[in-house]
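Next up: some structures, all given as structure tokens.
Two complexes are shown next, each including chain A; its partner changes from chain B in the first to chain C in the second.
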Partner chain A sequence: MTDIKADHVLDAKGLACPMPIVKTRKEIENIEGGKVLLVEATDQGSKADLKAWAERSGHQYLGTVEEDDVLRHYVRKASEGETEEDVSFDQKVNNDELKQKLDSDQVTVLDVRESAEYAFGHIPNAISIPFGELEDRVSELNQDDEIYVVCRTGNRSDMAAKLLSEKGFENVYNVVPGMSEWDGDVNSQ
Partner chain B sequence: MSVKTMNVQEIAKRVVNNEDLFVLDVRNEDAFQDWKVEGENFNYLNVPYFDLIEGIEPIQDQVPTDRDVAVVCAKGGSSEFVAEQLVEAGFDNVYSVEGGMKAWSEHLEPVKVADLKDGGELYQFVRLGKGCLSYMVISDGEAATIDAVRMADVFINFAEEKGAKITHAFDTHLHADHISGGREIAEKTGATYWLPPKDATELQFDYKPLEDGEDVHIGSSKISVQALYSPGHTIGSTSFIVDDQYLMSGDILFVDSIGRPDLAGLADDWVGDLRETLYKRYKELSDELIVLPAHYMTNDELNEDGSVGKKLGELYQDNHGLNVEDEQEFRRMVTENLPPQPNAYQEIRETNMGKISPETEKKREMEIGPNRCAVK
Partner chain C sequence: MAEKKKTNIILFSGDYDKTMAAYIIANGAAAYDHDVTIFHTFWGLNALRKNEKLQPKKSFMEKMFGKMMPRGADNMPLSKMQFLGMGPKMIKGVMKKHNAMPLPDLIDMAKEQDITLLACTMTMDLLGLKKEELLDDIEYGGVAAYIAEGEDGAINLFI
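What follows is the complex of A and B.
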């Protein structure tokens, strides 16, 4: 769990409450929507507070890893439009349909969320390629596979499915809504 | 900008005297609902500090200007942060509580319960933040603690101020809701640490087995501390009769409720013992004994002087838990619909056994939250 990727790091070690949250709030303003901020803190209370603060302010609290008395909190900045129902790719399935597919067939699940989101909980055996890297890494996927693309709410996966379709993938499906309401098996790493 | 502060002694005074206070608690909502500063005439507003980072506008109209406002958080940092903003906005009646809930949880208010024979004294240490009660018997330069809580130095220093040396540290049972200070007191003062042997089977350090009928004398005036085996909360639970007048009942009998037997997951096995202790063993004792328990649940149980205690005879009249005739009903009452287990109770037990030795900071965290070991 030590190598979870973050786009920005905020060092709040040694700072007592309220400073870790005050600094996080300030730092997140300088970050692009959808990017992941790692907050390193030593104040034990920062975990519950950061989680509650993120929920209130619309950001996505991903999780916390504790190591050698340092709490490493991962937060993903809210991004515009992600919560809207704006999925236009026509091949789509819902969570339950994907669950049935997983039980029966040999299918590929492609998780296009940020790697930190993936690290704190993903469908077992899902391949992780964040949407921002998909164009460059498309060769890692097999065009003949039946691919189910998943993200948190169905939005990034919609864009990813379109991109794959343009690249000639035919058996591509967007999973809606995705991980935000996934109640099947989950692995974390 | 300087912010006025209020210490936990001041808050304790207001609790005991039923004085007025407006408490602005800026911790998380979960933390507040779980546990807060309780006072008869206190009013509350809970808004987490992280909702006030942008400014105090959301609460500006809800904070009174005509009474003292105590801003409290977990450790004192965030309350200062919020209090500062209130002061800037023109409030001059706002105080930040020094050390926050951490300090509140650790504050012990010593109350003299009685003068004993030949100049002896009996003190009760009221831990207002958690509802724990500890005791010290002082006689002729010697002192004994009963159910001393984690803050060992408070007891050691108190005895020193009274010109006494602690020679015995008793625990009525292996505690699961708070960390005992008995072992540390013994280590620092050379006192003997006593624990009932049936609760000590997994103990990792030296102790003296506290057997039924043991009679320890404190000081040359020989104030007697008599052990009375009274199982039910734990299998070893033992009470003390001090100076033939005071019954330290541990977690077996409280002023307004009775102990519960399930902390070690053995509710069904211990119900019979609890029934026997409360309905037989205690009943054979004098009605005139003053019951001094190891906990209280609400501030209603505080006497006017801030102490907690009541005559055994009165408890047999008024305490519901002592007046359940039907055995099956009693069994149901103490095994069903129990309140949630105390926070970290398993770790607390292991600490009290000496199996784990957490750092002070970790110990503080383990004790966070209210006490939950009685049934109504």
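What follows is the complex of A and C.
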């Protein structure tokens, strides 16, 4: 799990409490909403600190990878409007319906979250194409497949489902709410 | 996001280690987007003292106090293991090794994060500390200033 993609990297190695948090807070102000920040730290307390801080400040703590005494924390900056329910694509299913589909049929699950979010937990066999890359990578998908688009809360997948239907995909469904409340099987990278 | 929470710390102690704890909490809370105020009273005022020797007009007692108290955060003693000055030297060495921020840097960081540093004027009078002896850009107040902030504080500490 060494090559999880992040949009920004903050080197907080060697810094002691409270500096990793203080620096992270400063750094995240310079980042666009929805982007992923990787914080590299050696302070062993930084994992609990960062998780608590992210939850409190509305950002999304994705997970931590530990190797060679370096803790690599992944945080996704909150983006405005994402917390509000704004789902307008009319072909949609809820989590339970998707679970039943997975049990019975051969269906394609398309995960449009950032690759770091995907890496820390996704539905087994889901295809990862972050929403920002979807337009360029549409050709990787098969138009005849039944495609269930999933993200964290149903917003990005809503936009993705619309994009796919504009491109001529007919069997596209938005999964609402998505991974934030997914209690079925999950794989990590 | 919810309204900003407040953290208020009353810094009564004049020890290097206790002051460090206060400033670490304050900086952490500021990173948590809290409005943070540190109320410096009694020996805690010494953390705000400038290092240079100033000689404002003072009475005999005030001069004595001024001589006996440390000038600035870096000269403060430890609450334990002072060992006639060896303790602070040792702990600063250890802190350097572990990359912990020295107290003067923590105070600078606090200012940078817009933490309000407030000096209690009543105890300033008692200890004979004048405004020109304390750091610039700090605020002054009394108990009401603390109560006003403290009554809706999420975290209130006395250190």
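Operating definition for what follows: the second predicted complex is superposed on the first by the 189 of 189 C-alpha atoms of A that agree within 3 Å, B and C clash if a C-alpha of one lies under 4 Å from a C-alpha of the other, contacts with A are read in each partner's own complex, and residues count from 1 in each chain.
Everything that follows uses one rule, which is that contacts are C-beta pairs under 8 Å (C-beta built on N, C-alpha and C of every residue); 3 or more make two chains touch, one makes a residue touch a chain.
What you see is a predicted model; the values in this text were computed from it and never measured.
Considered on the superposed chain A, chain B and chain C are sterically incompatible, since they clash.
Applying the stated contact rule after C-alpha superposition, one finds that A:Gly14 touches chain C and leaves chain B untouched. Looking at the shared chain after the overlay, A:Gly121 reaches neither chain B nor chain C. Once chain A of one complex is fitted onto chain A of the other, the partner contacts of A:Arg25 extend to both chain B and chain C. When both complexes are overlaid on chain A, the residue A:Ala48 reaches chain B alone and has no touch with chain C.
Residue overlap on chain A between its contacts with chain B in one complex and with chain C in the other: 16-19, 21-22, 25, 49, 53, 56. Residues 1, 24, 27-28, 30-33, 98-101, 109, 113 of chain C are the ones that touch chain A when the two sit in their complex. Remark: chain A residues 16-19, 21-22, 25, 44-45, 48-49, 52-53, 56 touch chain B in the complex. The part of chain B that touches chain A in the complex is made up of residues 28-31, 48-51, 53, 73-75, 77-78, 81, 361, 365.
Interface of chain A with chain C (complex): residues 14-19, 21-22, 24-25, 49, 53, 56-58.
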